[in-house]
Amino acid sequence: MPPATILKFPTSSPADTTPLTRLQEAGFKTQDILGIVGKTEGNGCVNDFSRTLSSHVWDALIPETAISIFSGGTEGVLSPHVTCILESYEPTGLNAAVTRSRVLEPWEVGTAEHAKAVTESIRETMIEENIQPGDVRLVLVKCPLLTSERIATIQGSGRKPVTLDTYESMALSRYASAIGIGAAIETFLEPQIPYLLSKGDFQTPFASCSSGAELEDCHILILSDSRYTPSPPAPLLRTFTSTLNTAIDFPSLQALLTKALTPTAPYTTATLLQVFAKAEANPSGLVGGRFRHTMLTDSDLHSTRHARAAVGGLIAGVTGDCWVYVSGGAEGT
Amino acid sequence: MPPATILKFPTSSPADTTPLTRLQEAGFKTQDILGIVGKTEGNGCVNDFSRTLSSHVWDALIPETAISIFSGGTEGVLSPHVTCILESYEPTGLNAAVTRSRVLEPWEVGTAEHAKAVTESIRETMIEENIQPGDVRLVLVKCPLLTSERIATIQGSGRKPVTLDTYESMALSRYASAIGIGAAIETFLEPQIPYLLSKGDFQTPFASCSSGAELEDCHILILSDSRYTPSPPAPLLRTFTSTLNTAIDFPSLQALLTKALTPTAPYTTATLLQVFAKAEANPSGLVGGRFRHTMLTDSDLHSTRHARAAVGGLIAGVTGDCWVYVSGGAEGT
Amino acid sequence: MPPATILKFPTSSPADTTPLTRLQEAGFKTQDILGIVGKTEGNGCVNDFSRTLSSHVWDALIPETAISIFSGGTEGVLSPHVTCILESYEPTGLNAAVTRSRVLEPWEVGTAEHAKAVTESIRETMIEENIQPGDVRLVLVKCPLLTSERIATIQGSGRKPVTLDTYESMALSRYASAIGIGAAIETFLEPQIPYLLSKGDFQTPFASCSSGAELEDCHILILSDSRYTPSPPAPLLRTFTSTLNTAIDFPSLQALLTKALTPTAPYTTATLLQVFAKAEANPSGLVGGRFRHTMLTDSDLHSTRHARAAVGGLIAGVTGDCWVYVSGGAEGT
Amino acid sequence: MPPATILKFPTSSPADTTPLTRLQEAGFKTQDILGIVGKTEGNGCVNDFSRTLSSHVWDALIPETAISIFSGGTEGVLSPHVTCILESYEPTGLNAAVTRSRVLEPWEVGTAEHAKAVTESIRETMIEENIQPGDVRLVLVKCPLLTSERIATIQGSGRKPVTLDTYESMALSRYASAIGIGAAIETFLEPQIPYLLSKGDFQTPFASCSSGAELEDCHILILSDSRYTPSPPAPLLRTFTSTLNTAIDFPSLQALLTKALTPTAPYTTATLLQVFAKAEANPSGLVGGRFRHTMLTDSDLHSTRHARAAVGGLIAGVTGDCWVYVSGGAEGT
């Protein structure tokens, strides 16, 4: 698994690929790109064509083995940008690997077959790249959703779609991907996939999944800690994970940032490169078990948009950075 | 000007007036109500009937001299609630007075006549209640907007409306109110009202204005510091003001909260009663002069909704309180 | 069952009850009101507070035995109005009766208990008012939906809600009501209620159901043909029913209108009083089995809004009348 | 000016270019394409990236001299499709020419310079292709709009944008284009351009303009009647124009269709190839001077979306065809 580094750049529109030029100015070649993880400015829901547009322009430029993961929705202060995951010639402390699942049939989206396909792809990559489960820090997955057309295809084939609601299919797809990630890291979970799917409350801290109409397979990015660290003063990349217990869990966020921004000797400074977060409207209708929220009864604005805006406002505010990756819908994560 | 105290309660819907019962349980009478300042769960824009519904049910219950100010929009983690401004029988350190402007003709909304009407009403109240300009800490105004019908009335009378865009009329109305507040506190500004209106960049830290279709006059609430303070251990109410320079200005917010939550001897504890904030998408299209935001190019979701969600996410997160008053559109403030 | 007549009036806002004055000018008393059926200008979905506001102001004015049915959503050319169903002192050819079901527990919404409660209420009324099943021409029902709060109540009681999606609960509630109507008219259907609910494709031409958060029981209006007709030249009220096979089924609409507008001797003119229609996005994703529509993949705008706008455009265009009752979501109808 | 023919095809997504294959199956070559006029499934407003995506994929495939015009918004029953304007080897009765204006500077959008650039391009083409003003039947223009970024560019250059509201810039841009078209056909109007712009009520029946963020010049398609007609039984293409006086003007629509569908000897049948229509919410707030509409006070849904849905519902219903080109915002037309 190659050592990796991370650079991020703002984009002026979903069709903006000028970050490629800036990468070259920074000394990287196109071939160094492992993956492009971006936030685009659509609604982040079913008919978000900003994601499709970004995939379209970037997929034509990055290496065939590289993947793109675009998450729509830059509500509030979130700012469109791309995070480039790049192969590094020297150890950085961070490793990255990317892969794709097989193409999922429409009727597999959100099912055990979907979860298993994700598990399989991740596990193959872990074997190939010699990644130990304990070293995995984050798996980002972009997975398909069901459009009206795909639902009709499913029904035409005599099968039953997991849902008739295209927006809900996004959540079911994210959840299946999260279970797939969980089962890849913790092998004993694999036989439980169907049970976990039906139970509905599986959670893993290592997953960040988003769904879109722009693809039919799953794009997978694995970030892991490396045993090979750079020689100071070459910068050391470190990962930190935490769970926000509520959408207003500022104490946990602050604790995490304090930890991340405390330099370890011999380093004397620490800089935040990127935040990857998932945001969700609590299904109970309450924030923190106490404050009634209206995200799930707002028929003008889907709850994932609300959640991204609010959690994005908090994270961007506290970090002072609007180029953070905040994605909506935290099923399974 | 009467000493005042503040209590806030969640609401289960825009029609929920049960806080009245809870006020009584807390020892207050309906006659003690000076004003009800609430957040309701509509879109906060032109066709927000949650505001109208709340006004309707509350105005029938509160004293005739009391006023209601409902601000729509509880995007993200913001939670519907009412803040009750109550007359106190003992000094609290905080004074409050409420008034209403005369009814504005549709063609006055957003003009110098509107601003002057606000100035006049505030100034009369300041004289009657013996409020010194230097003691005023916050003036909340709820002011009218232009619906299609009101625009037609204006045109039918041979006049020209300030705008043909109903959503834009909200901003123009807020701005005229803010200028009216400014001119009430700083007398020398009054002759400049027409100039300030056309110039467009007036700002006062004392104003919080929101507009709605549910009223034709302006509802005005004045909060000021009192020279009469309670005898400890009776609680002392204090006000603190600050400007967030950007929608992600966490340092300013944190500094303000630190100040507010540091007890002054002989008190040993300090509690946050309420936050009144205005949120706005920076017209430059950038957050902090640097991060491109998409709030002004999102034709599915008006920028005031984006701004409330993001700034609400930050303030609710950092204070741990979702019953905060965050209102959208900060023209003049 | 009393003879009934119908008058309709535009409204200037959801809080506008001036049609009451116009009714009096037309010679009716408040006590003559059997029901108010209105279109209000909200989103017609879960958080449509225009409906609640209208219910609130009208329910305080109409007789206790009368009912209100407000359907939100005046997209496109649809124009806010109320249709007053009035008791007539003379036969008109049309009879009307109104009733309410018992209050539904949150966990009953959308279930067989809901359908049965509707059946029961209608049947009792039919017996009391001596209405023959074959004479029933239209049953309008307004029924509850599930908000986040009601979903939490259900879960708190250890039960499982029919759905966790508040918007979807509207469709399930409409469907249960339609089955309830069907079973009231065709007795043999009653034992099949649970089966029809699970099967999902029941249809009756006599039902028009809409759901809202503003009520906990079902409001029911029954229109039937009367055997007692007025003596000409007193106007004769007649009802005509048809099904639009698609959202663009102009031929069926035209045929129906031609029939309705052809006077029967001795009458020499015929006037259209009102159209009651239901509109829906075809679940197949196609209009007329051929044209791909995007109503079910549009995450910015719920499909009921799309459907009302389009079918409302057609019906208002062809009839030349924007005060038509076009309601979204045609489950069971 | 080349004889032209028209073929239209449904699209399965904004990225779908399979109509190209179907064109080839129908005997056309890519080089025959003069223009692609499509309806895509975005919101049709500022952030409609479905338009950008379609432009992106099609512009890479069509001849350099050809143009694309994508209009977003397939609300209600409108169905995504492309109309291909093709050069014909034989006379058809219809001629077509396409051109582009020079790139407009951001500060020119919506101004007299914009209108003049359109006039100039059209007039040059008319001279080159020998088109007589009296033969022009329809000019379709796709023109730029102002994004936050372009507004900042304008302000950065010390200029004043025509508006600060990105959505409003779409209307101003359409209006300038319409004036440009009018002045190209009626020469005497050219000196009046600034006056017509400020007056705001210019109208020409020959224009159909839509704006988008996906281009910086204007794409222009001119359809005109040809003096050369085919020899029967080769099909004769004819154009018919009418104005709907209101959004529910069914009589005018019906009269137009009757005229269009009445075959002229020696032809015995007539088929409708395509409808190009503009739809708009009447600024008075009333449909037909009588029915209050809510399109201009709906802050959740822009009026162009409402208007397309309603007028699209009428036209698709009456023609039985959902692949009609109904575009929102009829300024100047």
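Should a chain be cited, it is by its letter among A, B, C and D, assigned in written order, with residues numbered from 1 in that chain.
In the analysis below, a residue touches a chain if its C-beta (ideal position, glycine included) is under 8 Å from a C-beta of that chain, and two chains touch if they have at least 3 such contacts.
Labels paired with UniProt names: A, B, C, D = Cyanuric acid amidohydrolase.
Remember, it's a predicted structure, so these values are computed and weren't measured experimentally.
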Determine, among A-D, C-D or A-C, the equivalent of interface A-B; equivalence here requires over half of the contact pairs to be the same by residue number. C-D
Pair joined by the larger number of C-beta contacts - C-D, B-C: C-D
Can you check how far apart subunit B (Cyanuric acid amidohydrolase) and subunit D (Cyanuric acid amidohydrolase) are, centre to centre, with Cα atoms defining each centre and the answer in Å? 45
Distance from the CA centroid of subunit B (Cyanuric acid amidohydrolase) to that of subunit C (Cyanuric acid amidohydrolase), rounded to the nearest Å? 40
For subunit C (Cyanuric acid amidohydrolase), give me the residues that contact two or more of the other chains. 12, 41, 43, 47-48, 149, 213, 292-294, 297-298, 300
Would you pull the subunit B (Cyanuric acid amidohydrolase) residues touching subunit A (Cyanuric acid amidohydrolase) in the complex into a rising list? 10, 12, 41, 43, 74-80, 247-250, 253, 287-288, 290-295, 297-298, 300-301, 305-307, 309-314, 316-318, 320-323
Subunit B (Cyanuric acid amidohydrolase) contacts subunit D (Cyanuric acid amidohydrolase) in the complex at 43, 45-48, 147-149, 151-152, 155, 164-168, 213, 283-286, 292-294, 296-300, 302
Within the complex, subunit C (Cyanuric acid amidohydrolase) is touched by subunit B (Cyanuric acid amidohydrolase) residues 12-15, 41-42, 47-50, 52-53, 56-57, 149, 213, 300
